[in-house]
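Chain nomenclature is as follows: A, B and C, assigned in order of appearance, with residue numbering initiated at 1 for each chain independently.
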Amino acid sequence: MDITIIAESNGNELHPVTSQLVGAASTLGGTVTVLCPGGIGEKEASEISGVAKVVSLKGDCFSSFDSGAWSHVMTPHCGDGIVMGSSSPSGRELAAQIASKMGVPVVQDLTGIDNGLMMTRSIYSGKAVETSNASGSCVITLRQNAFEAASLGGSAEVVTVDSSSEVSVAVKEAIAKAGERLDVSEADIIISGGRGMGDPANFSHLNEVADIIGAAVGASRAAVDSWDEIPHSMQVGQTGKTVNPSLYIAVGISGAIQHLAGMRSSKYIVAINKDPDAPIFGVADYGIVATWEEALPSLRDELANL
Amino acid sequence: MPFEALDFYDVDSLLTDEERMVRDMVRDFVDNEVLPKIEHACRDGVFPDEWRVTLGEMGVLGAPLKGYGCPGLSYAAYGVICRELERGDSGLRSFASVQGSLAMYPIWDFGSEEQKNHYLPKMASGEWIGCFGLTEPDYGSNPGDMITRAEDMGDHYLLNGAKMWITNGSIAKVAVVWAKLDGVIRGFIVEDEDEGFSAPEMKGKHSLKASVTSELVFQDCKIPKDRILPGVKGLRGPFSCLNNARYGISWGAIGAAQACFDSAKEYSLSRIQFDHPIASYQLVQNKLSWMLREITKAQLLAYHLSQKKDAGDWIPEHISLAKMNNVDIALEIARVARDIHGANGILDEYPVMRHMANLESVKTYEGTHDIHNLILGRYITGIQSFTRDLS
Amino acid sequence: MTIAVLLKQVPDTTAKIAVSGGRVDQSSVAKWSTSPYDEYALEYALQLKEAGGGDLVAITCGPARSSKMLTDAAAVGVDSMLHVVADTSEMDSTQIQSILAAAIKHCGAEIILCGKQAADTNSGSTGPGVASLLGASCVGMVSEVGIEGDGFIAQRGISSGDERVVVSKPCLFTFDKGLTELRRPNVKGIMMAKKKVIESVSAGDLGVDLGESGVKINSHAPPPEKPPGQKFEGAESVPTVVAKLREEANVI
């Protein structure tokens, strides 16, 4: 079976998820070809163990993202078996365009696949899991960090193809990411502080961690009521916002019933509190009994190293 | 998260699609714009002006009135609007009741064509706020003996007297004021800038804190001749308005009760005492089941009354029963809900004590609970017991 | 100019999802809503219509219950509604995309807006796939779109930040969270919606031959149970917890 992998790039380098795609492909068996749009990461891709061939696609259309133009160039290089990409937003868009041009189905964001091509994915925002089988060729995208990465040590041949297509999406200007902090009601990760933070100035330690993982910073009512510097818009709880992020990190929050009412439906809850009997530990998936002064620097460093 | 109201018998399935869409629209407004601000509004003692704007934009003011820029909805829809608003706060529902049933309605029913065209479109859009002056400091349940007088001065009327407990008074552009002209009760339209008219706000309320309550004072207040409502004389005028407002209250009280039930249910499921949620204890279940029973009955009562109102097949006593019953059970549900919340129930983290305090007013205004009992007593026995000669 | 917005009715994101007989039990869903990202698409479709004129048609492919969603769209200002009545729950991406592409052609729309993904399948295939079938330019992850000259300017999210891109019709935009929430209807809109008729067709009426689904759903199951809460002593346990968040919980 042919497996064609669409390399994911990260600026001008290969994104690490590409090795995970190769790792997943290796468990299926078959010949693995990696397509590098714009030639980005062609050398790194050729060094991933298990890759048979790298096709480096060079053309003007790859200077900015246009899934229509890209898929037009890439589809002829996709084999008959499985085409595999990352389930990043652009990865999904490209996968859907390629599938449509190949006339085959696309199945997005797999968290598992076995060698009988039984595919596992999460549906209804994680409230159910679907398993399905493709009856023939298909395009799939895999969720980042859900598959073992293949090791290095390969030496695949790199074939360069010069080909372009008419670009219909023209970039007018790039906009730097706004420095403004996410609102707690929109964020997928929230780190909240309570009165245990001791002083509103100490919320800067929460901000540091939040910046690393793209989290919003929240607060308990006790913190909002105690300190004017902490606005009501940050309040999570009964009279604040009700949130259900994937990850909620509560720091120096004891876990009053009014706070729990606003965050207990979070998918995963981490609690950092020096009091081992704090009620917040009753709802935490992972509790750390420690002061924030000790725990936050370590948390910041660990997250920065991911 | 959108509010899921208790509707045990699926009574809302009896509404039309259109009425349910109106419900969802108002519910969304309450969830997103009222609940996040209500406790601050209560603390500050203000009715947020943006609520007026949005009520006008949604087009719900004067809901059952037709023509002159009014919505032209069914009485069932009007009831649903009141219920959803009062789920937010009784003060918000009071604003809409007064605007629609007490200020717009008398102009719509008893006003001249010119008056209707002049006032109603701007009141329906929320641009002009209205209020209703009937109650006086010494004449509450007995408005027929009101003191406020109008005198025909040839080219204008002169108004003297005072009204009290007037919702929206200080923020109103238009006041529909009932006063005696040659001994007969008549309706007058007073505008905020009329000479001799003032509307000082009443402070210090423990109830309806997010609603403006005022006195209306008339000291040789000059009113142009074309501001008298030509279409009605006597108590029938104000009483027609009150019938509509009371009908809306019978629905509104259900909203407050649903909010209290919802909060009590959630709280009892998450509050752990003696290692178990308090919802697992029989005494708490008994309270919750009683709430569900009373809310369900109140819903059916209000719905049936809406159908009678829309069919024009109703008598004022029907409305008295619904207003009296539904406010009574809502107040009791709020008290029991506060009890279930324990000490937490007194905090503004939960809506129950606010609703409880609000409903104390709702029980009293628009015909006290006891006056409605007397109305029904008269209906049953044929003997009026409002007045007697004790001399 | 005809603008089409593609809408999908999904269980409200707050609704409980139950599984019965190997499938998500649709009959137990307490509340159905328009998929949230589609609502952003609808809001910006209304803004495009207000800015540039033309007709706005809302299209859905789904079972009979979906018509309620089209009426809601009419209440905020959609001009016409097309409902392709079909059960899409076992369809593959190719089948759904061919129905929607045919529906768009049927309406003559050249500007198409939809959500980046539906809240039930969580896929994100429909928009780009339909764009490919129609030969339309595709702009994904859009947060805002407006008219510029003869074409359109859109702000989209890419991995390195945001950028503004320019396209001309035919084009399709898939919406991430937009800068403006979908407007609330008003009573006038609700009354108008009652009078608008939903055009209801089958895939066959549109000339679509669906064929067999290339993907067979084996089963739906509830998500695996979370492990019970774990408590660690001291700040030295932070690396352990971070590793678990990545490997056990898969949330970072």
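We take it that contacts are C-beta pairs under 8 Å (C-beta built on N, C-alpha and C of every residue); 3 or more make two chains touch, one makes a residue touch a chain.
What you see is a predicted model, and the numbers here were worked out from it, not measured in a lab.
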item	value
Chain occupying the most central position, where position means C-alpha average	C
Chain separated most widely from subunit C, comparing mean CA positions	B
Length of the line joining the C-alpha centres of subunit A and subunit B, rounded to whole Å	51
Computed distance of Cα centres, subunit C from subunit A, in Å	20
Mean-CA-position distance for subunit C and subunit B (Å)	41
Junction residues of subunit B - those touching two or more other chains	1
Residue numbers on subunit A that touch subunit B, as the complex places them	221, 237-239, 242, 257-258, 260-261, 264
Residue ranges of subunit C touching subunit A (in the complex, touch as defined)	11, 13, 16-17, 19, 24, 92-94, 97, 116-117, 119-133, 136-141, 153, 155, 157-168, 171, 174, 176-177, 212-224, 226-227, 229-239, 241-242, 244-246, 249-252
Contacting residues of subunit B [partner subunit C, same complex]	1-2, 4, 17-18, 21-22, 25, 28-29, 57-60, 63, 71-73
Complex contact set, residues of subunit B against subunit A	1, 39, 266-267, 270-271, 344, 347-350
Residues on subunit A engaged by subunit C in the complex (per definition of touch)	10-11, 64-68, 71, 88-90, 92-97, 99-101, 103-109, 111, 118, 121-136, 138, 143, 145-146, 168-177, 186, 189, 213, 246-247, 267-268, 270, 276, 281-291, 294-295, 298-299, 302-303, 306
